[in-house]
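There are two complexes below, and they share chain A, which is joined by chain B in the first and by chain C in the second.
Here is the complex of A and B:
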């Protein structure tokens, strides 16, 4: 304890204070949830243990394992291809392959089912043109492999983006030395790229996994019972919020365990560089067959993860645009972009502060703070929402009683929603920024401080320039995530406040997938524009 | 210098947000300051329904009465949780599908009694809460649909019969996470007792043609695609398919027949979308006015034709699609029971491993 105080005091500067405040803010709503862990087990808890837990845990583990594995393989291999080689459309794929992230997985799930089912375009064409009726089993996507497919194709860009940012700047010397020594491409990939990019890949995969564990839309529609299903069944079906929170607490602990385990396995292996020369990796021009192989691989992934679902959405939009589109959409678009932008900007600032301080600090802060950022991301959104409403009603009550306001202001305004986004998506920006910091190490910062610059000055003069891409990448990821966000927006928004995601979801849950197409397309377009902009800014550097 | 920049950029960010909510709160405090003089110009509504027709009706209400309807849409259970946390500062009205959820709101002491002669006349007692805390506004039946070529309707009789082994591998029905199935089983717990209800659920699980997946429309498509012969679904989904913009969906729906089960026994399972005034409603008068408006003959007609739901107002006829299916005998239980038995239904589903 004493050591901890000394630790804090010796580092007491703006950065530390700010990061402690931020972490405190994030902890507050989680606290009311954490307190519930100790709640007594009741009859429901026994029922859950007896009938639900086994299958649900097994299903969740299968889902996480395979989605994690495939998205790591696809994400990292694409990142490597695009960083190290030149082939047709490479420049487009650099940002095009992030686009699948713009399609919310539950919309993707509805869309793919819409394509493949009995009234979908494939079966309809077969039936009407050639009178062929197929065995439904071959076209059934609503099962475990189908769900894995959906999650992988719409979430792999997390791994792709973070790994690519790393490879483009940091693998240069090792990769070029290996090339000079005549090492084959495959060997470079397995022996050099994978080990040095491990932190980035893990950062990406953990975002993917958390996103999967949190999903309720896809698994509910596809009828797969996962841990989240158990949480919601307990809460809404059995009407027992206490036990539901206990379940999500268990989930949170499992996730923290996974993260700690990875850190231990990685051990002291850190790859950072002492040279000041950060050169971009020069892509090698591919020729002949390998050129087209690389192109086909990228094109294939891009087609199934973006083009096919997007075309289907556009077709549906044509069926319904007459009743679907109105000027009110402009308001909805405005709302969506505004909240996403404001929240993502604040998230980015907070993530930078926290990750910078935990990087420079060797004590408790370095160990504890990063895990706190994950908290909000590992609890299902609907459960966090409960904690946040309690917190804001409490604050409002105080404000009201002290006469600062004539009614409840915070909980009836957009502040509550933005705060919720921050609690939830801090991890997204943090992971991107932290892996940026990780790859530059602290040598430059130490040198700068040795020259008499303080933390702030070093940060702006040295660090920012090195990890600009990672910071911007973190912002964009958080921005897109918020565009798609659901449970929080549904529960915490003020009156008459709609976003594109709530609009799309409302239709989709009512099995009116055609009507959901227009807001979905708008989400995709806004995300696409921001991704392109992100890429353009990076290119110009 | 740089420290300053950091701080300023911070300040700007927070100002941005504060300005945003400042706008919100000023507009809100504007309306609340007007409140003193004319507190009659708005009503706050939490709803889990997301139909375009609903919004049109709110606008119509505003045109007729000058009362603005403020809306938050969300899923019912989460809105209930929000109302609980909000205490006195909450919506005036709670509007949702499924009586089970309305009952849950009532149990949580979130609703209040409403005495209105208009409502008494417009809505049958059976579709109203026993203590008049909520009122049904639209009605739907959970029926059996069958493939016209493969199933002779004379094979069909009751829900209970679905547990019979003659239906082995022929039934399609969605997952037990769905509230419509929970309410269906809750009604059987009431009518037949827990043990028989459980035996029924077990029998149906044995007879399923595939593991539960997808929504109600997907069950209908599954029947036509040959995965099963009969399916259990809500009437308005079939109505929606018959009138869909996608002609393939229309073709599917046309191959299906509708069967109202239990006509000689306990009647077909029906449920409602319903609405209640919250306990702490500040605009109670407007709230009641809105319910009365929604139950009126004219509005009920619009409900019926837009959404293929059955009107609750006995003076209004259902849409022509529904009329073709004919009249039917309904389950004769007060819908509050569905809510009371909901948790038990969920337990049974888990015990028999109905996914």
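Here is the complex of A and C:
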């Protein structure tokens, strides 16, 4: 009893209290959904359940399955080529093949539609140059296969980067042995690479799947009914928050199942070697035909996943560049930078606090907090939005009833949007900061404490100075993600509040694709620069 | 007695066995105690418990006249007045040698800091290296900076976690002699952890032999090394059952 009291007291400091508060805040929206999930059903919900729910589930599952499969194939094969072989432009492809991530799928979706439709560059050229009119059916991308195509080419880099990092460091001895034994490249790929890299491929694919389930822009634009579009519809179309909550809860259950499945597929961590000496896999120089085959494969993917949409966007942007100087557009940029900066700054502070306490603590906190922190990233934006709105409306009702305010103040303010960004993107900054802490270890902090500084002083005098890079990196990553974010922003933004993402998407859905180009190209360029910076500049250091 | 440890128990939350069990130790003021044990015997764990970096599951620790740890009390490491030299030195890489050494002197006046800096620099024989960064020093020099940094705030008790393990044999021999001289000049009570018999023999007033987290033997060097027989046998660790594999 005494001892229990002693343990609590000596663990209780500002850091612990703050992190408990932060983690509590992050959990609130999910709790709000869980609590209201079993509320009484209404007619809408019965209708949805009877006639619609199957479609949502089937469509979501088809998307997840095919996008997962193709991005696994493309991502892992590219990763293998780049880590094991040397061919023209290999060094460029190492980070160039990550660039498609700079194009958010919803931007890619309307760009490709713009390229392929009747007035697009391909059909116009065919008509004007060769007088060929094609069957529209073959050029229609706004369907399920089209959506799968879009998701795959803009999301496969998740699989590519994670698998590449793994293969470059961890596969050396196995692959080199196989090479010495004269095993053919295909056999090495299927018999060695795929099995040992399974955990990384699964990890990459699950990121892809989470993005697919989070998406609203692509499926809405291409007219595919999924959970996210359904949540939007029941809520904005029918004004039925209760049913939206039920849909969200169902989707959360689905994701929970996926996470369990991922754990099983990933298997036990059998292949994380304990040797500290890392030998990098030496790429073999390809000759003759295979050299050009490898190059063409990489070049082909890079072209359709980055060059084509990028050039198209630039071209459109030139057609509409005056619009870029309008005051409304500058306002949009100002809004975007403001919310992204505010949310990313708060995210960074919270991530630092939680990460620091988790590494200093040996008990429950160290086990649970990191998991809760990254939870938000696996919950789709629309679901977080539903949770947050129901929560804030609840709070507002209390405030209103007690007469503290004459109207609903919280649920109509920017606070709600920023809070939502924090819940969803805390994980992004957390991962960066946590790996920074992991790299420096705990000895510097302990040395500082042995010299008379408490945890807080040690943090500001020692830790911060040593992980500056990771903290800054975490901030930038969160900032960029928020910049691109669509579903949360669409739902939670205050009246008349536009960001670059909503601006671009609204133009596109109103068939003003050319006008959508300028906000899109801004998003793409900022993301591309950050990718260049993180994967090229930092990796070389 | 100056340091008094009674019935100390400790288990890492994720481990199956106790890393330290029923540990008792008494040290007189100004004495150098060496804890000798194989890798994994719990030496670092012991130091971390004394330093306050881990919380024991059971047992008391007294340093000077103060209770550092008991059933109802736990003093945070920064409040203990105990110094520590880490196995990897843990010199702050972003600070110069002088900043590293002055790091523990924050409450001192500027003048006092300067005097103390010169004193300890003199003591560890590092004159002229004040403005260098840790990575610009050799292993032996880094080790001496770590010692100077730990000595500077005049700790009641100084802990060493295998500070020689990163040095080559020649240097080890020289530094061992030097360290004993320095410790005896300052009169600081110290606990020194090592797996090297020669270290123990050359430095210690008292030796404790640790195996699998339990004390096997305690005594003066002459008592322990007095008999001719090789002590490595007594030291040897019975391999633990690797049940988890």
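In the analysis below, the second predicted complex is superposed on the first by the 343 of 541 C-alpha atoms of A that agree within 3 Å, B and C clash if a C-alpha of one lies under 4 Å from a C-alpha of the other, contacts with A are read in each partner's own complex, and residues count from 1 in each chain.
One rule holds in what follows: a contact is a pair of C-beta atoms (placed from the backbone, for glycine too) under 8 Å apart; a residue touches a chain by one contact, two chains touch by 3 or more.
It should be emphasised that the depicted structure is a prediction, and the values quoted were computed from it without experimental measurement.
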Partner chain(s) touched by A:346 [first = chain B, second = chain C, both, neither]: first
Chain B versus chain C as contact partner of A:362, first or second or both or neither: second
First (chain B), second (chain C), both or neither touched by A:177: neither
Partner chain(s) touched by A:465 [first = chain B, second = chain C, both, neither]: second
Partner, of chain C and chain B, that touches more residues belonging to chain A: B
Contacts of A:282 with chain B and chain C, given as first, second, both or neither: neither
Which superposed partner A:450 touches (first chain B, second chain C, both, neither): second
Chain B and chain C footprints on chain A, overlapping residues: 461
Residues of chain C touching chain A in the complex: 12-13, 51, 53-55, 71-74, 76-78, 82-84, 86, 88, 90-94, 103-104, 106-107, 149-150, 153
Chain C partner contacts - residues on chain A that touch it in the complex: 2-3, 5-7, 9-10, 362-363, 443-444, 446-454, 461-462, 465-466
Chain B-touching residues of chain A, taken from the complex the two chains share: 14, 47, 51-52, 113, 117-119, 123-124, 133, 136, 140, 142-143, 220-223, 225, 229, 232-233, 235-239, 241, 319-320, 323, 338, 342, 345-346, 349, 382, 385-386, 389-390, 393, 396, 405-415, 418, 456-457, 459-461, 487, 490-491, 493-498, 502, 506-507, 509-512, 514-515
Complex contacts: residues of chain B adjacent to chain A: 2-3, 5-6, 9-10, 13-14, 16-18, 20-21, 24-25, 28-29, 32-33, 44, 50-52, 70-75, 77-79, 81-82, 85-87, 89, 104, 174-175, 177, 182, 211-218, 221-222, 224-227, 237, 240, 244-246, 248-249, 251-252, 342-343, 346-347, 350-351, 353, 355
